[in-house]
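Chain naming follows the written order as A, B, C and D, and within any one chain the residues start at number 1.
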Amino acid sequence: MTPQEEQFWAKIEAEEKIEPKDWMPDDYRKNLIRQISQHAHSEVIGMQPEGNWITRAPSLRRKAVLLSKVQDEAGHGLYLYSACETLGISRSEMIEQLQTGKAKYSSIFNYPTLTWADVGAIGWLVDGAAIVNQVSLQRTSYGPYSRGMIRICKEESFHQRQGYEAILALAKGSPDQKAMAQDALDRFYWPALMMFGPHDSESAHSQKSMQWKIKRETNDDLRQKFVDQTVKQIEVLGLEHPDKAIKWNEERGHYDSSDLNWDEFWSVINGNGHCNRQRIEHHVAAHDEGEWVRDAISAYNEKKRAKKAQNAA
Amino acid sequence: MTPQEEQFWAKIEAEEKIEPKDWMPDDYRKNLIRQISQHAHSEVIGMQPEGNWITRAPSLRRKAVLLSKVQDEAGHGLYLYSACETLGISRSEMIEQLQTGKAKYSSIFNYPTLTWADVGAIGWLVDGAAIVNQVSLQRTSYGPYSRGMIRICKEESFHQRQGYEAILALAKGSPDQKAMAQDALDRFYWPALMMFGPHDSESAHSQKSMQWKIKRETNDDLRQKFVDQTVKQIEVLGLEHPDKAIKWNEERGHYDSSDLNWDEFWSVINGNGHCNRQRIEHHVAAHDEGEWVRDAISAYNEKKRAKKAQNAA
Amino acid sequence: MSDIKAATLEYATRLGDDSVVLGHRISEWVSYGPFLEEDIAYGNVSLDYIGRARMFYTYAAELAADGRDEDDFAFMRNDREYRNLLLMEMPKGDFAYSQVRQLFADVYYTVLLPELLQSKDETLSAIAAKAIKETKYHLRRSRDWVLRLGDGTEESHKRTQKAVDQLWGYTHEMFDMDETEQLLADEGIGVDVSKLRDAWLKMVTDILTEATITVPEDSWAVRGGRTGYHTENLGHMLTEMQIVHRSNPGCKW
Amino acid sequence: MSDIKAATLEYATRLGDDSVVLGHRISEWVSYGPFLEEDIAYGNVSLDYIGRARMFYTYAAELAADGRDEDDFAFMRNDREYRNLLLMEMPKGDFAYSQVRQLFADVYYTVLLPELLQSKDETLSAIAAKAIKETKYHLRRSRDWVLRLGDGTEESHKRTQKAVDQLWGYTHEMFDMDETEQLLADEGIGVDVSKLRDAWLKMVTDILTEATITVPEDSWAVRGGRTGYHTENLGHMLTEMQIVHRSNPGCKW
């Protein structure tokens, strides 16, 4: 081990943060870039399924809450892109990787939002699952990422409460509204569980990430936390649990639940989701349409610079 | 007078039709081109205000009726463009004149369609006014135009009945529906009266057109016919007549009515209508977007021709 | 209600949903076509589909016998209740996109309707008889367009190939069977669409090949229309289609 | 209800309509901006307007005292009942179009709100106080954008000039008074907007000139928003905005 490596591992061992200026192994850097950029892309692509309902939100208050939430997601995206840039990759490179399919985003956003209730379900379940993961990432070994997670977690908790509250209003509303809430729960519960990734035994990146303390808890442990916390929430709503096999296991101190349909998980990731193409096409279209605007800014700034230089001369 | 002129006037006198191959005075030709192309453009632009409601028609039957009507308008446009082409102007020239504002279309289509009832009102009042005019044009001196009018009148009468029937359903419907019908009547009645053009005393083209028998009855006479026939129709609907001054004049054998607000008429024609810009922009956008399609057809046909020629050689 | 009757009601609704959704999408082209003749043609095809939807829904309403009429089926169900194939709900896109979708649908009906004509159910058979004639005209048109666009300019070729690639994954579910349709197929009422893919693929392949377009590989497939699991497009379409009807509950038009 | 109270109700509704319609139009940009920072900024501005609409409507509902709430004003009135200025309802168009509309609106509020702040009506004055702060930020943003787009590339200049030309005719009615507003202006409650055009024109002219954009001549003017006589755009916008609310009558959200 080189002295650099020793120093790196000592820091990891001591739960000290690795900072941008510190030496780090290439694989550590690559893995972080993969993970943080994927996280950033998920925030950005995640604007679309919820954004799909901004113009149809059924009350002004809900419209404002939703707008604010989607705006926060854009903010998280921005924040995470910046964190990732400290590792030596530019935002435009990351965007290109997203648009060409080289970088991934959370597959949950390949599912369509079909009713207003889906907005609530995403806030409650999808943000809920994200938080379970992100809370553990607050202790991640890379400084900028860790600090980003601390900040993001606060807002996400707020979103989750708002999402749950939106679903609660529906669950306690008219029969149609309640049916809408149940339908959204039934559709988003399983994909939310899959957000934690494959079983530990089949997770490609997990082991190394745990050693590096990029990842702090295993997929299955995090998933279990989410399953456990969600049971009570569903009860309060008065909705039916989508998992008929859900059962408290006294011995484990956890809920037992059904096996997940991993075939569907992989199928959606591999292109068979309703929105895989749509999300990327939307992103590309908005980005391309924005090109003349970005060009205008460059041209304007160039003119101002030239003028300033002339005046100075 | 040259022998050609004498022959032309003799035909006009004898109520014979002038045909494309016949000699005709330059002004006659120009006037006809102006009138027929304006008529054609009106059919084409007229697709937009009603087309605006195709996707929102409140029943499948109404949707089918409306689709069919708008399709007929396209057909009339096509038919009239062909009639006009017999006078030595191409369709693409006419389209260019429309898009650059050199040629006009009926100003009635600069008014927006704001509710479903407007579709009925247009069928009933706008097509109704058009028919009064077109019936008289069945006897116009130019053969292709006259024959076009005969054919078009049949379909327009059908449209008018359907429009009236749509308004009737609203007038006899819920209070909201009835209010919608009254509102549409109030908005479209006056512009429909103005479709007949300025008073005879102020109509620039009228006198000459009457001599040439391009026009067969004066603006004011045609307008009076329309006013008279509409009174009874409004009664049957159980709606209020928009003209509070409407009154049967025993002596004239016609209804007396209010003066028209010609300032508004000219204001709308001169660019202050809600839809002047919108209608032309819509037409230009669709036409421009269609360019690559038209190019594809030319290229394809060229390839086929070349292949045929090669095979023949 | 017997199982078969319930299945037939569901089947008529599905076929009606396919028609109304595709008919609506086509109607979005009116006054937006590349030239006037095309506005007329679009109007024609749209009218045929709206007409077909009315026949299927009227039959569904008759079977349901619960006081609903054709418009209740069209205007009072949301996108979770609609059962159309996803292909039909995809947005209009550019002209190439709409024509390629139309080709896929027209060939589908070309292989489907002769089978439906054989249905023991006289109403379904009668609707098929009428629709077969329309479909001949539709297919002639979409085939011609795809040939001309595919083998036209570089740009039209590119747009056409892109449309084929984008839509291909939505064609697979057209040939899926479920219990309802299997029951009706076994009874000689419905069509076993799973047997039609070869014929569809051959016709489509021939046309695309002549149009110098590459037939895509079957690398992805999106499914869900028949279970009411739609793309986000349908909700927006129904929003517009249903607003006037829904804003005036219980009214006649 | 007294004349003044009725007029104030109408006035609060008009101002609420302006805000909700513009706020909705801006919200259409979310996830469609040229870069992420802009998505955030759009979200901010839209939120300000939705917030403003809620304050105006809540006050209107209080004055109406007929059991309606803010959402009844926003979601249960159709486009014939809406009283917003036409400028606000124009579609989002391209980025230049939206920013030019925003500039026109932001300058309008910059000259309007300080007057409204002087209103004898405490609620209106309080809303104005909050809105003034927001408007400062809005104007800085739209001004910067119009400068950069107008004096950017040839293309951005062309788009900006086109947007100015297309929107100019919708600005005139912003300065129209009717009996309702005259009554309120006389009472020191409402603003006499007819006196604001010079100030608006001067600010707009300065900014456009700096942006190398030609100020159009006043050759046409479209009016009608305050009487509920709208362009065809508003109906489509409200269709989308109101569908969920209207499809579930009487529900709470």
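Throughout what follows, a contact is a pair of C-beta atoms (placed from the backbone, for glycine too) under 8 Å apart; a residue touches a chain by one contact, two chains touch by 3 or more.
Molecules present, by chain and UniProt name: A, B = Phenylacetate-CoA oxygenase, PaaG subunit; C, D = Putative phenylacetic acid degradation protein.
Given the structure is predicted, the values throughout are model-derived calculations rather than measurements.
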Contact-richer chain pair (by C-beta pairs counted) among B-C and B-D: B-C
Farthest chain from chain D, comparing Cα centres? C
Report the inter-chain centroid distance for chain C and chain D in whole angstrom, where each centroid is the mean of the CA atoms. 42
Give, as an integer number of Å, the spacing between the C-alpha centres of chain D and chain B. 36
Averaging C-alpha coordinates per chain, one finds the centres of chain A and chain B separated by a number of Å equal to 57
Among chain C residues, those touching two or more other chains are 78, 239-240, 243
Specify, in ascending order, the residues of chain B that touch 2 or more different other chains. 56
Name the graph shape formed by the protein chains and their touching pairs; answer line, ring, star, complete or other. other
Chains touch one another in the pairs A-C, A-D, B-C, B-D, C-D
Where on chain D is chain C touching in the complex? 78, 236, 239-240, 242-243, 246-247, 249
Using the touch definition up top, name the residues of chain C that touch chain B in the complex. 20, 24, 27-28, 30-40, 43-44, 46-47, 50-51, 53-54, 57, 70-71, 74-75, 94-95, 147-149, 151-153, 155-156, 159, 240-241, 243-245, 248, 250-253
Chain A-touching residues of chain C, taken from the complex the two chains share: 78-80, 166, 169, 219-224, 229-232, 235, 239
Per the touch rule above, chain A residues touching chain D in the complex are 44, 47-48, 51, 54-64, 67-68, 70-71, 74-75, 77-78, 81, 116, 166, 169-170, 173-174, 176-177, 282, 286-287, 289-297, 299-300, 303
Name, in rising order, each residue of chain A that touches chain C in their complex. 49, 52, 56, 112-115, 183, 270-278
